[in-house]
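These are the structures in question, set out in turn.
Look at the two complexes coming up: chain A is in both, with chain B in one and chain C in the other.
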Partner chain A sequence: MNVITPIGRSLTPFAARLSGLKDADRKAAAGELARVGLPTPHVEAWHYTNLRALSGRVFSAPAAGFDEAAAQKALAGILADNGGLAGLPRLVLVNGAFAPSLSSAEFPAGIVFTSFARSPDFGTQTAPDRDALVALNTALAGDGIRLSVKPHVNAGRIVFISLAMGLEEDISFHPRHAVEVGEGARLSLIEIAVTVEKHAGAYLHNPVLTSVIAEGAHLTHVKIQHEADQAVHLATVYADVASRATYDSFTLGLGSVLARHEVHVTLRGDHAGVHVNGAQLLGGEQVGDITSVITHGAPDCISRQTVRNVLTDRARAVFQGKVLVERVAQKTDGYQMNQALLLSPTSEIDAKPELEIYADDVKCSHGATVGALDEDQLFYLRSRGVPDAQARQMLVEAFLVETVDLVEDETAHVILLQALEKALTERVGAPEKTA
Partner chain B sequence: MSELLKISGLHATIDADGTPKEILRGIDLVIPPGEVHAIMGPNGCGKSTLSYVLAGRDDYEVTSGSALFSGKDLLTMEPEERAAAGLFLAFQSPVELPGVNNANFLRTAVNAVRRARGEPELDAVGFLKAVRAATKNLSMADDMLKRNVNVGFSGGEKKRNEVLQMTMLQPTLAILDETDSGLDVDALRIVAEGVQNLRSPNFSALVITHHQKLLDYLGPDRVHVMAKGRIIRSGGPELAKQINEEGYAAFLKEAA
Partner chain C sequence: MPAITETREQVEKLGQSSYQWGFETDIEMDLAPKGLNEDIIRLISTRKEEPEWMLEWRLAAYRSWLKMKEPTWAKVTHPPIDYQDVHYYAAPKKKNGPKSLEEVDPELLRTYAKLGIPLHEQALLAGVEVPEGEEARMPVAVDAVFDSVSVATTFRKNLAEAGVIFCPISEAIRDYPDLVKQYIGSVVPVADNFYAALNSAVFTDGSFVFVPKGVRCPMELSTYFRINARNTGQFERTLIIVEDRASVSYLEGCTAPMRDENQLHAAVVELVAMEDASIKYSTVQNWYPGDENGRGGIYNFVTKRGACRGARAKISWTQVETGSAITWKYPSCILQGEGSVGEFYSVAVTNNHQQADTGTKMLHLGRNTRSTIIAKTISAGKSDSTYRGQVKIMPKASGARNFTQCDSLLIGDQCGAHTVPYIENRNMAARVEHEATTSKISEDQMFYCRQRGLSEEDAVGLIVNGFCKDVLKELPMEFAVEAQKLLAISLEGSVG
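Right after this comes the complex of A and B.
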């Protein structure tokens, strides 16, 4: 490899795996990475999120195969914890590799499934030359899911679970997922990322998901990221939304020491809509980053972003939201709101809204709020006999529930609420179980 | 015990831009069990401050005096301990709790109080039965339980929600801070009936009001006139009538 001195962070953690690639796409991506390195805080898009957690380690490719019994047990636990999941068709990956033995054998009519390993295709939506983490994924992608829904089919809900296990040494996996929703079709994708057992080894989960939502189609994409502290999660999602189509997404960030969920949405046809909503509940030394780039490339489109963060200890959240309104995109309606509850003096939120508008008849607003719990609300609850700690927890939950309530798919909504309540219970003790 | 609440020489201040401002300047008040007392007085005389201090709001500093509730020192208790002990404050401006379901809120409160009182908690069915009966009495629509606490409620709905909470929490002393303000005639009657339904030898109320109307419904045992942080006159229900006809001017002059 013709290595020019990188201006970015060293590629040593992945160097061995990046050399000797044969496929043209992978080779080009590795070449691009070699040129720029992994991003440092000097790269604007990574100014607030430092990848130092990757340095000083060497991430191997995951071993083939896994402990079937342990995986089955973990899966059963996840299904038991999340009422409503068990009956749904599911796709399971272990350390980034599709695991047929854990997944549904058949899918409802109108859904075509294959794995990336079986039928590798990087598609045309991503830009490895502009995003180093996408380049890393492109160079090292081993497997992933590829789903397509035929036109005018209501495909219902599909659960998509990513398990990390058997982590004896530092590993990284870079799954490549693709979803296509045909004209007038509907799909709800419920994505859950968890660590099965805790080990000394660190791991990097670096998925890329590309999606194409055809005219009048609807994709709900809900993600619950609840990996262990040993994990670094760096995800990039692309969505191309056609005329009158909708990409309705929600990310619940609970886990891993460092997580970034980066979303690139292009509204390509008129009257298309997108929701990039999310919530993060972070403590300890966690860093959680929700970054979005929404391009209004057609008139009369709507984009909505509501992200709320609850931070304790020394946790830090990052919100970067860019809205680009192209000249053609008249009557754009864009809204962006980032809010944070800082529950400790050492927690921090960095919010960076960016509006770039070339059309002259648009409505775009953005806002950010940062604060502590409301003393009036706290006193009101306590005056009704609710003990202080429980009152605080109720208010934290309420703050986050308000964003979860934006998810229209009922099953996804319930699963998100359960995950949130469980996370709150784990963090601050059992709440009163109410009706 | 003939004194459910005994307030003696109570002084309290609030922080006003770094300097303490005295709002309560020596309150003396005794409420026996089963009695309804009214406090009337011009705006800014300290009526709401008194209710907040009794409920345990920490914006105020008690500088001297005492308040005994069923013989216990009320002022050293946390707000939730006061609620468990049987004190209830109906807020003049009930607080909105976005994202908190009204039914969940009520059940959490009821069970927290029951737990603290050593009573068995209500399960979902038992709670629902009790709350349905209470909402019916208050002519409240069922959907008010499904909505978020006080969010988007009209003024009257908020006040009814306060009375609903009071009914469910079964206090021995309710402080009603201008619960009648902003209510139309029908809503006022419903709220008054809600309070009347609770009347028993084990229930007392301290009613802060500007209006004769609510007192007509409740028939107070005693009426106190408050001005400049003190109770300047106490008497029977006829005092309220006199204020209604003559205003506070005569009392203020007399006290000065």
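Right after this comes the complex of A and C.
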């Protein structure tokens, strides 16, 4: 019986750029990518999220340089919209390239910053063959940020803004970011991805962020993805968490026609703890995917995950959450909750929470619920004179805010709430379509 | 953690002695040559005296099978299977099909006696009238299938009086071709999956049940499957049709002798429930699981699916899976009729090197359909056990409801327990809930039992039985006892 390996999608969208590579690492990644192709729904990890949006297009590299005035204006707008960000040190990328003119010139002591373009390094933990999209990033990465916090330094908050602009033709950018938090140090990274102006061109934003959190260190990573519907956003995040270190992450997915936020967290040392939380509020034809793999590779670690999705129109959300407990990871405490609200008869949720457990002395559980707004709650509000649309918005807001409240960093919390409220008014505030 | 350490030692000590059904019956066999091709399929069809359409059906299945590839998504590993190294037809030699138990080879009867199958209604089959009270005492009709060939079906006369047809499917193909033709392959199409296509091409026997409108089947129906001959595959096919307002409860049990090499079992079970009909299908699966080093054992690749065609129809699957080297099995419900109900209750126990990837699929098509999934997984030794289940709510299934609970218990630190649910909801007026836990027997529970004077083994037994209670209580009473015994034997050493 000859077993045929599933053939992935063709690499035509990137073929020209993949063929001229010189660097050995990049060539290896491109070779691996050529072997597996871009994932199709036949690949288990991509069963629910189809990359056909990339087919039939050719994505060229973004042009060098950008409209400085437009970028400054956009940045000022973002800072004005998100009170609390203005005073913080920031890093800005335009179409995946680090833009010094938009970024802070100085960083507090104890923070070392360089760009990937100046000092390319693919990091230690991402084997390019692990995932086609990481291989694509490795092959084509042009720039990115590289941050490291020296041991025992409390680096405070850093804002990290990714702008997409000048999109006349189809482009793709593949920034490679690396964050290292030294022993006993702390850092809050607030990441915002936006599209500055709408144009005819579609674009692919394919970032890879690797983070290493040393013993006793703490990293907060909050991300707001609010790109326009001409964007395909496919992000992969790696977090390596050492003994007694903590990784506290939250992703808010609001934008892009197709978005995937894939997180791989590895608990490598004992007594480490992670939060891998997220929320998505999607409408129109959007597809939003939150995928995570949390690997307990050491004993006595704790992982917590809460993900909530709210869907209107014909939107579809995907949640895939795997908790892997290795044989050594005794006394693991893992909990995962995934909930979805469907607000329209044509929306869809596909969820695959997954436990893979090889240690016996563990406490692991997961839960998932899917449903519509609770009629009783709605009735309660209506009977007290709250108009229908407002009542619905209140309930949806409460549903999502509960997840945002898990973020401990105050500035990040406020910014998340603001972004959420704005999106709620756009998506749910309109008179409700009911079945 | 002395209790667990001790438990583990006992599990390790557990040899093959525990598989009581590992004997081989020396019986004259009618064996087709090894290998699979259109000629073999023609041979099977000829031997079974099948009509032409059945042969065509088989050949169509075979041709689509040739184009298919083995599924690889399950969390099981095994060396490649050589499908040409299997006998696709093995039958005990017989005259013209047993008309009574007296014509059945005595070796065979002894086999079933050893298995403890209630074939003592043999007198009835032999034409001896049984006193009135007798049959009420043991109201279970049994269809015994030996290497894919049905050798005896008991209580047929009584069932016929009630209007129930219960016979080998090969007989049904000859005697009720219209019924079979209408329903076979209607729930599991020939090209549904690799193993179902293989089964459709080469199945040799199995059970057929037809319960007409308004009839409540007067007794439990039961089939015992046994693989006996070496290098044979068992491919049985079961078809159960229950018409409006009718109901039936059906149980299957399975055993096989101990062998070094792996044997293939690829069955297909199709259930059809019409309006207000109810089918309860219980399985106690105890195929030979292989020895403590993972040698031998049955590869159990089974497709089971039920269709609730009419409004308020109900299909309930209950399974206790203790055997097989590899289990690949997902009894499913297609909930088509408005307000129809699907249930899945499962206990899967793996020990030594066993691998089980089992679960269910609930496909909600109709309005107000409901499904419940309760799956209990127990892993011990070096085994791996996976619950894999899909709940899919289609856009028209407004008011649909699903509740799923999966619990895993790990005994020892060399095993694995995994939970892989797929939840797909396309209707805002549906509600799906899923919860899963993984744990071990806690020291507190053990201490509580030990302190009250229970031995280590009894305590573990008590706790595990409690863990499985939600499922065991769904089994028909006669078999609940058997299942509990099986649980104990499968986990001997760790489960008292």
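By our rule, the second predicted complex is superposed on the first by the 421 of 435 C-alpha atoms of A that agree within 3 Å, B and C clash if a C-alpha of one lies under 4 Å from a C-alpha of the other, contacts with A are read in each partner's own complex, and residues count from 1 in each chain.
In the analysis below, a residue touches a chain if its C-beta (ideal position, glycine included) is under 8 Å from a C-beta of that chain, and two chains touch if they have at least 3 such contacts.
Note that the coordinates shown come from a computational prediction; the quantities given were computed from them, not determined experimentally.
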item: Touched partner set for A:L406, first chain B, second chain C, both or neither; value: neither
item: First (chain B), second (chain C), both or neither touched by A:T346; value: second
item: Partner chain(s) touched by A:V386 [first = chain B, second = chain C, both, neither]; value: first
item: Most chain A residues touched (candidates chain B, chain C); value: C
item: Which of chain B and chain C A:E44 touches, first, second, both or neither; value: second
item: Which of chain B and chain C A:S365 touches, first, second, both or neither; value: second
item: First, second, both or neither for A:V414, with chain B first and chain C second; value: neither
item: Partner chain(s) touched by A:A53 [first = chain B, second = chain C, both, neither]; value: neither
item: Set of chain A residues, in rising order, touched by both chain B and chain C; value: 435
item: In the complex with chain A, residue positions of chain B that touch it; value: 55-58, 78-80, 82-84, 88-89, 91, 94-95, 97-101, 103-105, 107-113, 116, 124, 127-128, 148, 165, 169
item: Chain A partner contacts - residues on chain C that touch it in the complex; value: 1, 4, 69-70, 72-73, 80-81, 83, 395, 398, 408, 410-440
item: Complex contacts: residues of chain A adjacent to chain C; value: 1-4, 44, 327, 330, 340, 342-372, 435
item: List of chain A residues in touch with chain B within their complex; value: 376-377, 379-388, 390-391, 394-395, 397-402, 405, 432, 434-435
